[in-house]
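What follows is a set of structures to go through.
Consider the two complexes below, in which chain A is the common component and chain B and chain C are the respective partners.
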Partner chain A sequence: MSNRDAIVVENLTFQYPDTETPVLKNIHFTLKEGEVLGIIGRTGSGKTTLAMCLNRLVPTVIQGNLEGTISVFGQDISQRSVADMADKVGFVFQEPENQLSQMTVEEEIAFGMGNLGISREEMKYRIQETLKQVGLEGFEKRSPLALSGGQQQRLAIASVMAMRPSIMIMDEPTSMLDPRGKNEVYDVLRKIKTYGMTGVIIDHEVERMASYCDKILVLDDGEVIMFGTPKEVFSELTLLHEMEMNAPQVTELADRLRKELQIDVGSPITVEEAVKAFQIVSIK
Partner chain B sequence: MNSLYIARESMIHRLDPRTKILFVLFIVISSFLFKDPAMQLILLIGMFPLVLLSKLVKQYLMSMQFLMLFVVLIMTIHGIYNPIGETPVFEIFGGLTFKYESLVYASVMSFRILVIGTAAVIFVMTTHPSDLAIALMKWKVPHSIAFMFLSTFQIIPIIAREAKIVMEAQQARCLDVKANIFERVKHLVPLFAPLFIITFVKVHQLSYVLECRAFSRNGVKTSLRETKISSLDYMFISGMLVLLLTELYLSFAQQISLTTSNLLVSSLFAVWAVFFIVIVKFVYKKVSVFIGG
Partner chain C sequence: MEPFIKVTGVSHVYPNGVTAIQDVNLEIGEGEIVAVLGSNGSGKTTLVKHFNGLLKPTTGQVTVGNMNTKKERIAKLSSLVGYVFQNPNHQTFLPTVRQELYYGCKNLKISEEETEKRVKKAIELFELENLLDANPFDLNSSKRKEIGMASIMAISPKVVVLDEPTTGQDHKGCKRVLELVKMFHEHGHIVVLVTHDMQLIGELNCRVVIMNKSRKIADDRADVVFKNQELLKTADLQPPQVMELANQLTYLNRNESYLTIDSIVKWFKHNKKGLEEERKIGTGS
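Right, the complex of A and B next:
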């Protein structure tokens, strides 16, 4: 993993025209290349707004007053447009269906590449490649509307991936899906990391985030409450509970065990970690 | 499925979108060139082979049904009441007479609707939206205007789909959208507000998505689909040119008039007959649903 800074956010404050107070307040954080950042926070805390700041949807398309600086790979993005950034920063939205505008799966994937002026040969190659990456081979000629929710969302991801962005932002990509669809999408997300992409993901599934993300950012009422590794963030249970959030179930369990049964297994954040911790305790 | 385009393997589908735009223009000009109903009729019939060639006869007829309503109204009401009429040609009961001049006026207008409607339907159903956008850009039409064209085509099916969802939702809340016709019209009102809002939101969201896919980026754009002008296009365009010149000659130099009162009355009957068939089919469908379920 390199040490380049992929995203640097400094003093970011943002206010929508029709709100009294800023929805993002003085935000700071740095994400290294190849890392995956998870943003959590209760509804209305400003997660989507923050994510949209990173690819300039806010404030160029969705207007408002933005202060502070955001740099992507060392470059200040304050003069860039969304379309301009599209080959650097990809964005996947929440609703699968609303993201699809073309008549067939392959045209859907080709659309973004076409706007970048990529040659037809390269397009065909990348279509095959991304379809394989998201597990939709053989669906080239299908209508995007004739896919299941999970497949649609994977198609949306493929369409963004085909543009080969270095950073991939996903705003609750699985919240509209059933458990099976969620698994399908998470399987794809797991791969993104191995392609060396930098990721930003917003989700409520803390269990998955704990095992998947390198950094977690906790947002509440537009402020960064915590920023650190999943381990650091999810061990602050009291703080999380104050904001009506939970740590992964295993972490919660470990905490209850310590408090109620005086069994100390530390603060595991994944099931694997918990099993290890229990082994050590039971040997003793 | 996101648009009115229907994929087929046909000659008309293969034509460059620009040729088809020229075709629509040609038809519009032609239909305004002629003040003679007989010529309009020839134009209409002359286009039918194209419909056949495009292998979309059924879809074409379906979309024409709707225009028939206008045509019947125009023919009947104008034919009887339009004050320019003097010479009676055909009397129905109660002393209501269709007059020659009024019928000419009415049939020119109705056939014009059908002629332009046919050209438009052929165009929309055989032209792939992204081909259209690319073709327009080759004409140096700004990208955003090309997209406006495109999205207008695309938005209609979106609205239709949402209408269905809203209707189902309203039904689930006990709104009887399948009641008799007056009740149904009344019940359309609560349909429109959510429909409008949903469509607006969807289109709005789609615009964000498109931006994230570099939609308004400057520079060269490419497409997965190949469009190029072929010899077929040249043939088609030369054909149109020849026809246009002939039409110009006929309508200015010759002042031909093929229209007879027989033709007018037969067209009137034909329109009535077609409309009657449409109505019968509609009623039959309703009744069979009623009996069946």
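Right, the complex of A and C next:
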């Protein structure tokens, strides 16, 4: 895998107009090409604002005072418009309904590709491909408004995927998906990795993030509290609990066994790790 | 005893011709917690929207407390059945959070004293002190959903229907939803949940109704459902992570269900002594 930096954020501070304190405070991190970054943090910690800085929605559409620099593939993006960024950075919004604007499902997917100079043939192909990936085959002619909540969320993901961005940012993309759908979205993240694409996902699904993300960034009150591998971050349970956050269930379980019963199985963060760790205490 | 909610042979066809639920039969009794689970588009939201008359059956019949939902006015039903929408954009709100919280009680002519008590409790649980003058539409969707839940808490209707209450909620928000459900339950309300949150179901271990491709395919307790691999696969479900771990730890008690972190901690508590002896033998030889 290449070692190119996909995203470099330095000294990023952002403040909305008419507010006393910044929502993002002196943020630093670097994400390599092909990596998947998970952003976690409680409600109101600044996750969505941070993500929107990466495609220039903040501060060009959602205005305020931005300081610091963001580079995408080595280029400072401070002079770029949202439209400029669209071919590189795809964005799946938190509320799918707000993202959907077309009369039919297939037009919805074509819409995003419209400005990228893609041929009709290629568009048709990608519409079928992405509908299949998100499990919406057969819904081509349906109005996006006549879809269930989870189906709308699947459509919003498909229309961004069809644009094949180099960086895919998803803001709580699985919140309304059934468990299998959630797994499929995370599988897509793993897949885009193998194409050298880079992913950023905001979510509360710590169990899945622990096994699919390369890096986790913990945001609290606009500050980066931790940035590291899932192992590093989810082992810091005391810190997470102070922020009213949680680690994967298996990690929480191990922690309680250690604290309440002095049984030490380490800090597994996935089911596989936990199964191994718990064999230590195997009895007949 | 007659069930409080009775769904008999109900199908619903949307105006565009989509059949969203087919031939569903379901009875819900006083004081029950029922969770409706199933894949995206399986018909969960469509089903529960029949309970307060938001949708009427195309065929079949729904009765709530002996009222046929097809014949009653929505207003009468909605004092009996509170509904928090899956999509908070679809919920209508008054211009301030404060008005929103008081409105229901005023409408139902609940005494001022009682209203104060209820609203205060809701404000506390959802930590709305600083948001009382805010316009709900300026708040983000998870907060709006909480305001929907808070106002239902104030109205305190006999039946509470929560469509995906933990969606978009952080850890604390999810714990709060669990608390709310338990509180309604303790006070004798019927709670109907639609959810994809398997940890929530694990904590509640309640009755679950599973929808699949517009039909009801199962109706059983969560621990039974979570053990039925075939059913889980058909309905795109997955047990909570700790249960997946427990399934692979052969030394746990096979007759028990481990749906929560608590349940496994409890096993270790009871078996710790034996464990220590085993390990001593293990390392000694």
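Brief remarks on what is shown
Heads up, the rule we're going with is that the second predicted complex is superposed on the first by the 260 of 284 C-alpha atoms of A that agree within 3 Å, B and C clash if a C-alpha of one lies under 4 Å from a C-alpha of the other, contacts with A are read in each partner's own complex, and residues count from 1 in each chain.
As a convention for this text, a contact is a pair of C-beta atoms (placed from the backbone, for glycine too) under 8 Å apart; a residue touches a chain by one contact, two chains touch by 3 or more.
Every value quoted in this text rests on a predicted model; they were computed, and no experiment measured them.
In the superposed model, A:42 lies in contact with chain C only, and not with chain B.
Once the two complexes are overlaid on the shared chain, A:8 sits clear of chain B and of chain C alike. Look at A:271: by the touch rule set out above, it reaches chain C but stays clear of chain B.
Contact with chain C, but none with chain B, is seen for A:177 once the two complexes are overlaid on the shared chain. When both complexes are overlaid on chain A, the residue A:103 reaches chain B alone and has no touch with chain C.
Residue contacts after overlaying the shared chain place A:113 against chain B, while chain C stays out of touching range. In the superposition on chain A, A:154 contacts chain C only, with no contact to chain B. Applying the stated contact rule after C-alpha superposition, one finds that A:257 touches chain C and leaves chain B untouched. Shared-chain residue A:226: touches no atom of chain B or chain C. With the contact threshold set out at the top, residues 95, 98, 143, 146 of chain A are in contact with chain B in one structure and with chain C in the other.
Across the complex, chain A is touched by residues 14, 16, 18, 38-41, 45, 86-87, 89, 140-143, 164, 167-174, 196, 198-199, 236-238, 240-242, 244-245, 248-249, 251, 261, 264-265, 268-269, 271-272, 274-275, 278-279 of chain C. Across the complex, chain A meets chain C through its residues 41-43, 94-95, 97-98, 135, 142-143, 146-151, 153-154, 172, 175-183, 204, 207, 244-246, 248-250, 252-253, 256-257, 260-261, 263, 271, 274-275, 278, 281-284.
Within the complex formed with chain A, the residues of chain B that make contact are 1-3, 5, 7, 128-130, 154, 202, 205-217, 219-226. Contact residues of chain A toward chain B in the complex are 55, 57, 61-62, 81-84, 86-87, 90-91, 93, 95, 98-103, 106-107, 110-120, 123-124, 127, 143-146, 159-160, 163.
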